[in-house]
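For reference, chains read A, B, C and D in written order, and residue numbers begin at 1 within each chain.
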Amino acid sequence: MKTAIFGASGYTGQELIRILTGHPEAELVAVTSRRFASQPVTEVFPSLCGLTALKYQNATPADIAAACDIVFLALPHGISMEMAPIFISAGKKVIDLSADYRLRDVATYEKWYVQHTSAGILKDAVYGIPELYRQKIKDASLIANPGCYPTSIILGLAPALKNKLLAVDTIIADSASGVSGAGREPQTGSLFCEVDGGFKAYKVGKHRHTPEIEQELSALAGETFAISFTPHLLPVKRGILSTIYANLRKDITMPELHSLYSSFYAEEKFVRICPAGSFPNISSVCGSNFCDIGLAVDPRTKRVIIISAIDNLVKGAAGQAVQNMNILCNFKEDAGLQTAPIYP
Amino acid sequence: MKTAIFGASGYTGQELIRILTGHPEAELVAVTSRRFASQPVTEVFPSLCGLTALKYQNATPADIAAACDIVFLALPHGISMEMAPIFISAGKKVIDLSADYRLRDVATYEKWYVQHTSAGILKDAVYGIPELYRQKIKDASLIANPGCYPTSIILGLAPALKNKLLAVDTIIADSASGVSGAGREPQTGSLFCEVDGGFKAYKVGKHRHTPEIEQELSALAGETFAISFTPHLLPVKRGILSTIYANLRKDITMPELHSLYSSFYAEEKFVRICPAGSFPNISSVCGSNFCDIGLAVDPRTKRVIIISAIDNLVKGAAGQAVQNMNILCNFKEDAGLQTAPIYP
Amino acid sequence: MKTAIFGASGYTGQELIRILTGHPEAELVAVTSRRFASQPVTEVFPSLCGLTALKYQNATPADIAAACDIVFLALPHGISMEMAPIFISAGKKVIDLSADYRLRDVATYEKWYVQHTSAGILKDAVYGIPELYRQKIKDASLIANPGCYPTSIILGLAPALKNKLLAVDTIIADSASGVSGAGREPQTGSLFCEVDGGFKAYKVGKHRHTPEIEQELSALAGETFAISFTPHLLPVKRGILSTIYANLRKDITMPELHSLYSSFYAEEKFVRICPAGSFPNISSVCGSNFCDIGLAVDPRTKRVIIISAIDNLVKGAAGQAVQNMNILCNFKEDAGLQTAPIYP
Amino acid sequence: MKTAIFGASGYTGQELIRILTGHPEAELVAVTSRRFASQPVTEVFPSLCGLTALKYQNATPADIAAACDIVFLALPHGISMEMAPIFISAGKKVIDLSADYRLRDVATYEKWYVQHTSAGILKDAVYGIPELYRQKIKDASLIANPGCYPTSIILGLAPALKNKLLAVDTIIADSASGVSGAGREPQTGSLFCEVDGGFKAYKVGKHRHTPEIEQELSALAGETFAISFTPHLLPVKRGILSTIYANLRKDITMPELHSLYSSFYAEEKFVRICPAGSFPNISSVCGSNFCDIGLAVDPRTKRVIIISAIDNLVKGAAGQAVQNMNILCNFKEDAGLQTAPIYP
């Protein structure tokens, strides 16, 4: 299976290269970057020395489409939807890591992002959380790989929402992300001196992942609602932790809740439910495709507190993209994704 | 004014030494530590070389009481209440940094901590948040210096609660603290390798600061209620950020809310309200006694989001203790506390 | 091939478990720990959830010898030499990660460590740097896995010393290590608050790795000499960088030096020579078994500067131990060690 | 005394503002920045809220000269020498934090930097290390504030060189700096994800501070020589540690060396000699103007190892600049510089 990455000079692109060079079935044949055109990948990312001999190409989508069976688009939103149709027309499978095909409603997309110029193929896109949409992914031509924050929150709430446990208008998701989520473009806010020793909320009430989260949570619950979502910037490189609060609609004990979550994800290799009383730490999933989930029932306030942790570059981006590719191509779902978390 | 610190070998003790050696009115005459008895302070804390010539003493409370006018107790809970009565009996002022005199209700204290052995003087204790209890502090003999998390949450909510803006049973405080809050005793969970690159919640629904927060918030609101409080451990040395959510009881615009907070704290030197649209960062208060507060009104969910930041060792502990001493002794309230935040 | 780890509760033990659970040929059948006896490994290291079902045993060496073909000793020095003879007598292969069998001269060992109680099998021990002793390792019964600092310095200097390029009495190795090198035992000096934001030298002129480094460098040079070695503590979890200085005995250009190093390590999968003008970064080897080496010739001072980087827990400990096992067992030398560095 | 800062938008500029707003004698009347023209300083640096009401001006040197008695130039090299003559002509004192007036030899400057366009006033410049040039600083009109690396190395070597203890051609300075030394301009190499968890050497044998270090060391020794200087990038915000090696020209014991250093700096408030056997940590000087120095004599190699630590933004830049101003203006030398190190 020949794969290519369009826009492979950022952290997500690098992570895709890292995973694909160790994949037993996929062959990475091309990576593109305007900025680094004709430079070896290893000059930009010395960590990959000895693992790949590829050079960055400044190639057209048509060139890349001719060379591969499946393409990963690791591009900014707005650019992906210019490229994806070209690959689709050429009969290639597309896994898009931008936001361009995640929102099923064009008007919502346009409210939070920009004008949508590819509505034609939007209806064919499948939202790529394997744990929820595995069957649809198998047959998809275009996969909208989920956002990092949404992945952590949706996986954290799915069992509870499917089981109608929550008063949906009380849901609050308080999340914190490592800095790699901001990409590799130099900007003041991502400088070491601005981030280290710090912690802050940003885009309070205004983050673009909000509609994506609400779309999927509403689908799970079978009703439409709004949530509070507050992202924070953590002084770490990788990882997202979401602490999610909701009032219980009905009484449930901690053992019942734990059992319900364990059953829901029993067959899922990449979701781990923490033992009762234990809570996840982003450092326990670092470098891996795991999503760890911890649970608490607070009888004092009749709330559940659900905490989920992922590596934003793996389960929150490149790893989930490869998991989607594996499903699409009928590979073992964990092919190339068996790396244990790096700890400490 | 002669001061002493009983139990000065931890991070809070060190911070008190740091502040008091630069204080224009107070003279630090004695510091105690069993573990480091007769060692110079600077052997334990080389950063203080050239700033103090004190040695740690393994002294009795009576010895220390004889040497000072005012004592800071930087001891574990349970131990403070053994010491405080001795100082009080000797006619000395006590600023206790433990939890022993913070909860006005003995039963509540005993539910969350241990048996209370000093109920006799508990009723005389004043809860030491100057912004709320300045008048009482002036005349106090025993000040219960607030916990670090409570300080950040209480200052963040005070204006809104006093003005009856919030549906009190919807309040959720999601907080994150630097590691110095865990003290200097060696323990696995505070090791660099366990903390760096990580982020996790702990004591979910069970943290001992909960009753202290609820006591003060209930007093502000004039009604009794429970909150959700979730502490997290941040990979930073200093700082607490609390992100607080509550449903609005009545409509209020962001400019109105901002104006209400600005007025409430207009005369307070150590509380800074961020400009609308800006939110605090713990690195902007590091090393200082400031509490920074940012505000948002979310019309989508009819919630307010209030974010407050302090340095847990300063406004959350030693700095606030010195601020209380300044009030008690009729010094300028910011004497010794004028250090600008260290940034970056 | 059945393997066991004696003393598997520290960071090196954990790293061995991580690598061995992903190894295609080795089966990890037992891990021991007195402190965590009968606890599942995943309770101590949640990152390993789903990857191993082993529980820690408080077992005797004889018990473990009966269960495995090869054992890793991840024990403090002094303890290893009590255990190793038992395994050797039982006909099992031993890979010892302590210092007990690294120094060929008993008197030197006793000068820097403690009395040696296992001199009988010391002469059979092979110093386990595969790049230098591969043939001997193949037939060894007891492998002394090298120290982390020594690995970085020996690999950095081997080509230059073998080629008699250096004035050996001018060699200075200035090294810096991540905190995991200090182990997982709680101690003040390894606390997050003591390490983060800091950088210091320690054991200046007195570090126990000095004789091990000198033994191997002298063997490479064919003459005996002393070096200056200064370790520093870095605020990172993993990684060692050694910056090595030496005066040139004869003129050599940078291209010649680069070519000499590239040839020396041409067949070595785990040593990567940086392009001329580039220098290694510990973050580019994190989580991998690579040793990266950068080179400079300074015509102003007639010195070479050689910089090498490893992950102290992998090439500096567990990874090199598994590499040694692979050679010993005739597996592919990189079996289980193909993980790409985790970057960023 | 009216002061101004020309180019106050970077970390050094911020640090000057921080120190000067707390200075008892100096009044900061103007700060310039093209990029942030007419923005309040506190919008760029929220940590300074409540401490200054200044706005950035896009002003000419002539405008600023008219408003102040003394100016700090916190500008890139090459730009400073365009501005300084204007202030000097207007009769104002100049403290230049760039490299433009540090090298007394124009040819050397031009070899390592750019063409020198202000040779006319170069001869009047005094190199601003108070511990070495205090008398000259008193009467200077133009002070060349030293580089950060040079400050740490020169203070570390001065007593030994003045006393002819060292074989000067064996001096090696291995230094490591926090990221703030790279400034606040966004660049890939200073991003959190590039720096955190990493450690690397850079500009090996080629750093521009080399001639400045050699000029001052040669002056101290009374002979001309070259050194090896290797800078490294540390994953911390502030701090420089220099580990310096040199062969002893004559025998000296550790107590003698310690005594010699203690005497040399006996009257210096900002230099602290560590007790024998102790070595400095950058975290023990963080936020302060101290330079800590630790010493070792290694009888095995006949070398001394001298380790010095400073905060690169304080003693390595803004603090030393203010110390120079204090001397120039006949203020107490530690006015505004009494902040204790922030630890932990």
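Rule of thumb we're sticking to: a residue touches a chain if its C-beta (ideal position, glycine included) is under 8 Å from a C-beta of that chain, and two chains touch if they have at least 3 such contacts.
Since the structure is predicted, the reported quantities are computational estimates derived from the model, not experimental observations.
The pair from A-D, A-C or C-D that reproduces the interface of B-D, where over half of the contact pairs by residue number are the same, turns out to be A-C. Between the interfaces B-C and A-C, more contacting C-beta pairs are found at A-C.
Remark: chain A and chain B have CA centroids separated by 38 Å (rounded to whole angstrom).
Per-chain Cα centroids separate chain B from chain C by 45 Å. Computed centre separation for the pair chain A/chain C is 36 angstrom, with centres defined by C-alpha atoms. Chain C has residues 11, 180, 193-194, 196-197, 235-238, 280-281, 283-284, 286, 344 in contact with two or more other chains. Looking at the complex, you find that chain C touches chain A at residues 11, 14, 18, 21-22, 43, 45-51, 180, 197, 237-238, 269, 272, 274-275, 278, 280-281, 283-288, 290, 292, 338-344.
Listed in rising order, the residues of chain C touching chain B in the complex are 11, 179-180, 184, 186-188, 190-197, 235-237.
Contact residues on chain D toward chain C in their complex (touch as defined above): 169-170, 172, 174, 176, 193-194, 196-202, 204-205, 226-228, 230, 232, 234-239, 241, 243, 245, 279-284, 286, 294, 296, 298, 300-301, 303, 305, 307, 309, 344.
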